[in-house]
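Each in structure tokens, the structures are laid out below.
What follows is chain A paired twice: with chain B in the first complex and chain C in the second.
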Partner chain A sequence: MENSLTQYIELYREQRQAIEAAAPAALNALRGKALGVLETARLPRKGREDYEATDLNAIFAPDYGVNVNRVNLARNFTPAFTCDLPNLGTTPIYVVGDTIVVPDNRPDDGAIVATFAQARQLCPDVLNRYYGAVARLDDAATALNTLLAQDGLLVYVPRGVKARPLQLINLFNAGAPTMAVRRVLIVAEEQARLQLLACDHTPNTTQRYLSSQVVEIVAGKGATIDYYDMEESTPLTSRVASFYLTQEADSNVLVDAITLDCGTTRNDFYLDVAGERAESHLLGMAIAGAGQHIDNHTFIDHRAPRCTSREMFKYILADNAIGAFAGKILVRPGCPGTDAYQGNRNLVTSDTARMYTKPQLEIYTDDVKCAHGSTIGQLDEDALFYMRSRGISFDTARTLLMQAFMADVIDGVRIDSLKDRLHHLVERRLAGEAATCDNCPIHR
Partner chain B sequence: MSENLNDNNKKKADEQDFLRQAADEEYQYGFVTDIDTHVIPKGLNEDVVRQISRLKGEPEWLLDFRLKAFRHWLTLEQPAWGHVNLAPIDYQDISYYAAPRQNNPAGKEIDPEMKRTFDKLGIPLEEQMRLSGMAVDAIMDSVSVRTTYRERLAELGVIFCSISEAVKDYPDLVKRYLGSVVPYTDNFFAALNSAVFSDGSFVYIPKGVRCPMELSSYFRINAAQTGQFERTLIVADDDSYVSYLEGCTAPQRDENQLHAAIVEIVVETRAEVKYSTVQNWYPGDKMGRGGIYNLVTKRGLCRGDHSKLSWTQVETGSAITWKYPSCVLKGDYSTGEFYSVALTRNRQMADTGTKMIHLGHHTSSTIVSKGISAGESENSYRGMVKVVQKAHHCRNYTQCDSLLLSPTSGAHTFPVIEVHNDTSVVEHEATTSKINEDQIFYCNQRGISTEDAVGLIVNGYAKDVMSKLPMEFAVEAQKLLSLSLEGAVG
Partner chain C sequence: MLEIKDLHATIEGKEILRGINLTVNAGEVHAIMGPNGSGKSTLSAVLTGHPAYTVTQGTVTLDGRDLLALSPEDRAHEGLFLSFQYPVEIPGVSMVNFMRAALNEKRKYHGQEPLNAAQFLKLMREKRAIVELDNKLASRAVNEGFSGGEKKRNEIFQMAMLEPRLSILDETDSGLDIDALRVVASGVNKLKSQENATIVITHYQRLLDYIKPDLVHVLYKGRIVRTGGPELALELEEKGYDWIKEEFEG
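Showing the complex of A and B:
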């Protein structure tokens, strides 16, 4: 197969002026470097190290439309949306394709939530300083996103501010195959707090879409951040998402990646644990069925002493689903007191499903506690039998056990109402229904 | 408070003391035997391959096999994916054949100098001196020196001889099985070995025979600037059993010497093979100078139903170890096992593990790997468990633990798991930690020195694997482990 990058490089060269005209200087400043990377790099193909099951080159190969001329894709979208998650009081921000709509009626809590374009006026220093500072440009998918990104969402929580929870809703609704270049930058300063719920939906089930996402998160000293990312899309949707997080001392970050429905998804998580006593939680869960492909790749880089990381990914695979997990924990020299755990548990419920897993530890300090565990198996037959002997039907018993299997990942969620909602969504998903909330206007 | 501090300082000083002591600990097998050796000139080309074949008096088909392998090798590049610092090897700077000239006028007895060497290594070549009743094939450099107990084994139909002899005496068997498990196209070092392999052991256990004694080969590199490319082939026919041991040492030199071996094992229906290795090649000095590059391809094929193959290895030597004794579980209900203890110290680097390929249904495998890293060494477990779609009801359990004895050492785990059906269960667990200070304190409190305590704890940690070794070997291995540990605690 040809190098899929070529078409994007050509697009950039032809449309360079249009792309750069609409974008803030901070974004344009990195394009040259990204282009340099892409001219020599290749998108990883299947079988390459860390890409055992996923062919990025094939994901980017189709001819998708890219919204270079900044057509407002949200113009037909009525922002009457209210998410009925109770007691959250969140402010919803939509991203339709790659058009970002930030409501202007957001209550003033001291935090700045703005598009990159708006940020040019509101807090240009933050954008200039942190944009592209955490992401790894040597990663081809990230470089491609950087090459084409024209806008994005900035969440800036200044020192000591406790921001109100935010909801970021990524939608695909265009009438033609589209690639959205999405970018999020979160900067939480010292002792700041932030909870963000991102969800990806594809209301239009008939078109092919590709979402290229790069999320950069900076957690300052003692900052607390919860980032929940939920994907509920269609088999025609592809997603290549890269999360980059850097943590300063005493910060506490939870990243939760939930895949309820997807097409072909590749998620990369890079956690840079750079400050002493930082705590990182990385949770993931994936339920995949016919034609679905979910690949999570994680890398936790411990480079400061006395940090704790907890990682757990759970998969349930049915039909011909393909699941992949590759996780690495690196403990650099001079990081005593590191306590890291990585877990990956998988249920394979059909003969044609495939699971690939590669949990890795790379440790260069002796005074550490590191462990990983990985299993691939089925539901406990004794438990099934026990339930059936008590009059519970086979299907119900199975669903109950699968729900129980996912329970500990869901229980890691630090927002109660979201926890309840997730239990409910997982239940629906496992029962074979659409994993959507009851009153969600997106799915009407 | 200050007393406490003093105690601590004293303890630190004690630890420092034996650190120094043990750093001076010499590799006890590092001597060189002064024996006249026929070494062919350095370099590698088709003529060298032909010359080796001629020196060994080989039939045409084997020369063809070697040449094919050599031509394939030319198309390959030295792999670089291992977590080791393998400097590019100059393959033209190695001599590929070295045969000690035996000074035995009577033609029957072996050279007294050679006998002394093996006596010194604790491998008596005189059968009557052997109490344990273990048959030994002793190999120095490129040739087999002596194989003991051959006659007694022959009575049962067991063939145990060097591979060169087997090529002459049992060409059909060798032809049938050579390269059937590890083809010369397998990897770079397998191709190299197939082209230039010298001696090694050949074992054939006929149908229904339980081999009455442990079979063992002892490999010794003696000559300088040579490589050892041994080749071992073990075939266990239906319903047979054999336990095979392998040991190795080399002299202490400043240069790196290459050891690229192939071990192939074929296990037929209901047969069982137990393969144990105590690897103690010269590991280099504490600055990382010299030592053996141990780049080995070991693989067994459980061809028949209900067959079983068990690998046990204790790795303490070699500057660089790069090997993955593997099991291809083709027969239904076959079993593969891998038990490993790998200890690295100073600047040693080990990247070792296993592959369990489940092809037959109801196959099971167990992997227990214990890594111990000291000094500035790097110790990695790399493994693969693969269950293909039609291999139903397979079971794998993997446990790999790493113990770090110094702040500058590294311990890594790189497992790959692939499951392609819904009836198989695969489990993997790994932990990495420092040696438990409470346990050391407990021992200290009862008058056991820190050094002895570490020895005790590590031996306890490695016990799961040690218990799988045959008795005589287990004692040896335990001693070796304690010896290698001396001064490794920092």
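Showing the complex of A and C:
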């Protein structure tokens, strides 16, 4: 197969003026570097280290339309409803393709929630200082996103501010195959607090889409951030998402990646644990069935003493689903008191599903507590029979056991209403129904 | 109520049950005793439909219905209950969800409406009292972290909830201290009626001091080799199983 990057490099060269005209200077400033990377780099193909199951080059190969001329894809979209998740943001932010709609009636909580274009006026320094500062430009998928990104969402929570919870709803509904170039930058200063729930949905089930996402998160000293990312898309949707987080001292961050339905998804998580006593929670949950492919790759880089990281990814695979997990925890020299755990537990419920798992610990400091565990198994036959002997049907017993398997990951969610909702969504998903909220008008 | 005729069963090709004949009538308590490996637990597993066992010959009917043709869940719906020798821990599944699923599926099978939350919790409360099961246990995951005694009490609690026609208590006394044994036995006795029946499988006579059997059967090498009144259990307690083995082999 050809190098899929070529078409995007050509697109950039032909459309450079249009791309840059619409974008803030901070974005344009990094394109040259991104281009440099892409001229020599290749998108990883299947089988390369950390890409055992996923062919990134193939994901980017189709001829997707890119919204270079900033057509307002949200034009025909009226988000005239509020999400019914209790106690969460009542003013959701919509991203239709890569057109961002930030409501102007957001309550004033001291935080700035704006498109990058708006941020030029509202807080140019934050955008200039942090855009591209956390992401790894040497990663080809990230470089590609950086080359083409024209806008994005900035969430800036100044020192000591507790932001109202935010909801970010990513949608695809264009009438042609589209690649969305999505970008999020979160900067939470000292002692700031933020909870954000992102959901990916594809209301149009008949088109092919590709979502290229880069999320950068800066957690200042003592900041607390929850970032929930839930994908509930279609078999025709591909997603390549990279999360980059850097944590200063005493910060506490939870990143939770939930894949309830997908086409082909590759998520990368890079956690830079840079400040003393920082606490990182990285949770993941994936349920995949016929034709679905979910690959999570994680890297937690401990480079300060006395930090704690807790990582757990759980998968349930059915039919011919493919799941992959590659996780690495690195403890650099000079990090005594590190306490790190990585777990990956998988249920494979059919003969044709495949799970690839690669847990890794690399430790260069004495006096640390590190452990990892990885299992691939089937449902507990004894438990199944016990339940059936009580009159619980085979299907219900299976569903209950699969829900139970996911329960601890769901219970790691730090927003009660979201936790309850996730239990409900997982129950529906495992019972073979659509994993959508009952009252969500997106799915009407 | 229960009719077992010439029942043969194998596991992995090995024959364990070699022609069991047994009739249990409503209102009766039967004890099945026998040395290790005689097939006691196999009999309870076969009756409840454990997938590891294959019935090669014979019939079993419960109230005239062919039990062997039913799935394990439908056997339960028809009124069969097994108190497991080793109750299974199911982390992540709460007792409440487990019990509600079991009860409501049974109701559905019999064409009844499911219980609403209030009715269900009231029933849980009533039945818990029968075996003095702590509310804390009832709100935890099924058997998870329960002591041996708590697990057995939980079995009898489930029996109370499901109100079976025929209960099989498989080594319910194993791992119980004397106080727990008394609580469990008293629970079983409270649930006894002229409408239901109980099969008590045990090694030891001790349990039969608390749950009085009408008939005692001795199982050996997959067959019932002797049947008698409660005095047979006392005789076994005194003399062990060797005389039965000798008589049978002799």
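Going forward, the second predicted complex is superposed on the first by the 442 of 444 C-alpha atoms of A that agree within 3 Å, B and C clash if a C-alpha of one lies under 4 Å from a C-alpha of the other, contacts with A are read in each partner's own complex, and residues count from 1 in each chain.
One rule holds in what follows: a contact is a pair of C-beta atoms (placed from the backbone, for glycine too) under 8 Å apart; a residue touches a chain by one contact, two chains touch by 3 or more.
Because the structure is predicted, anything quoted here is derived from the model rather than measured.
Undergrad: Do chain B and chain C fit side by side on chain A in the superposed arrangement, or is it a clash?
TA: Pair status: fit.
Undergrad: With the two complexes superposed on chain A, say which partner A:Tyr364 touches: chain B (first), chain C (second), both, or neither.
TA: First partner only, chain B.
Undergrad: Touching A:Pro336 in the superposition: chain B (first), chain C (second), both, neither?
TA: Touch partner of A:Pro336: chain B, not chain C.
Undergrad: If you stack the two complexes on chain A, which partner ends up touching A:Glu52: first (chain B), second (chain C), both, or neither?
TA: The answer is first: A:Glu52 touches chain B but not chain C.
Undergrad: With the two structures laid over each other on chain A, which partner does A:Asn28 touch: chain B (first), chain C (second), both, or neither?
TA: Neither partner.
Undergrad: Under the stated touch criterion, name the partner, chain B or chain C, that contacts more residues in chain A.
TA: So, of the two partners, B touches more residues of chain A.
Undergrad: I want to verify one number. Taking the Cα centroids, what angle sits at chain A between chain B and chain C, in steps of 10 degrees?
TA: If I round to tens, I get 70 degrees.
Undergrad: Is A:Gly373 contacted by the first partner chain B, the second partner chain C, both or neither?
TA: first
Undergrad: Could you tell me if A:Gln403 is touching chain B, chain C, both of them or neither one (first, second, both, neither)?
TA: second
Undergrad: Is A:Ile392 contacted by the first partner chain B, the second partner chain C, both or neither?
TA: It touches chain C, and chain B stays clear.
Undergrad: What is the contact status of A:Thr352 with respect to chain B (first) and chain C (second): first, second, both, or neither?
TA: The first partner, chain B, only.
Undergrad: What does the superposition give for the shortest Cα distance from chain B to chain C, in Å?
TA: Nearest C-alpha pair, chain B versus chain C: 15 Å apart.
Undergrad: Under the touch definition given earlier, write down the residues of chain B that touch chain A in their complex.
TA: 81, 389, 402, 404-434
Undergrad: Which residues, counting only chain C, touch chain A once they are in their complex?
TA: Per the touch definition, chain C meets chain A at residues 48-51, 71-73, 75-77, 81-82, 84, 87-93, 97-98, 101-103, 105-106, 109, 141, 158, 162.
Undergrad: Give every residue of chain A touching chain B within the complex, in rising order.
TA: That would be residues 49, 52, 333-334, 336, 346, 348-378 of chain A.
Undergrad: Chain C touches which residues of chain A in the complex?
TA: Within the complex, chain A touches chain C at residues 380-383, 385-394, 396, 400-401, 403-405, 407-408.
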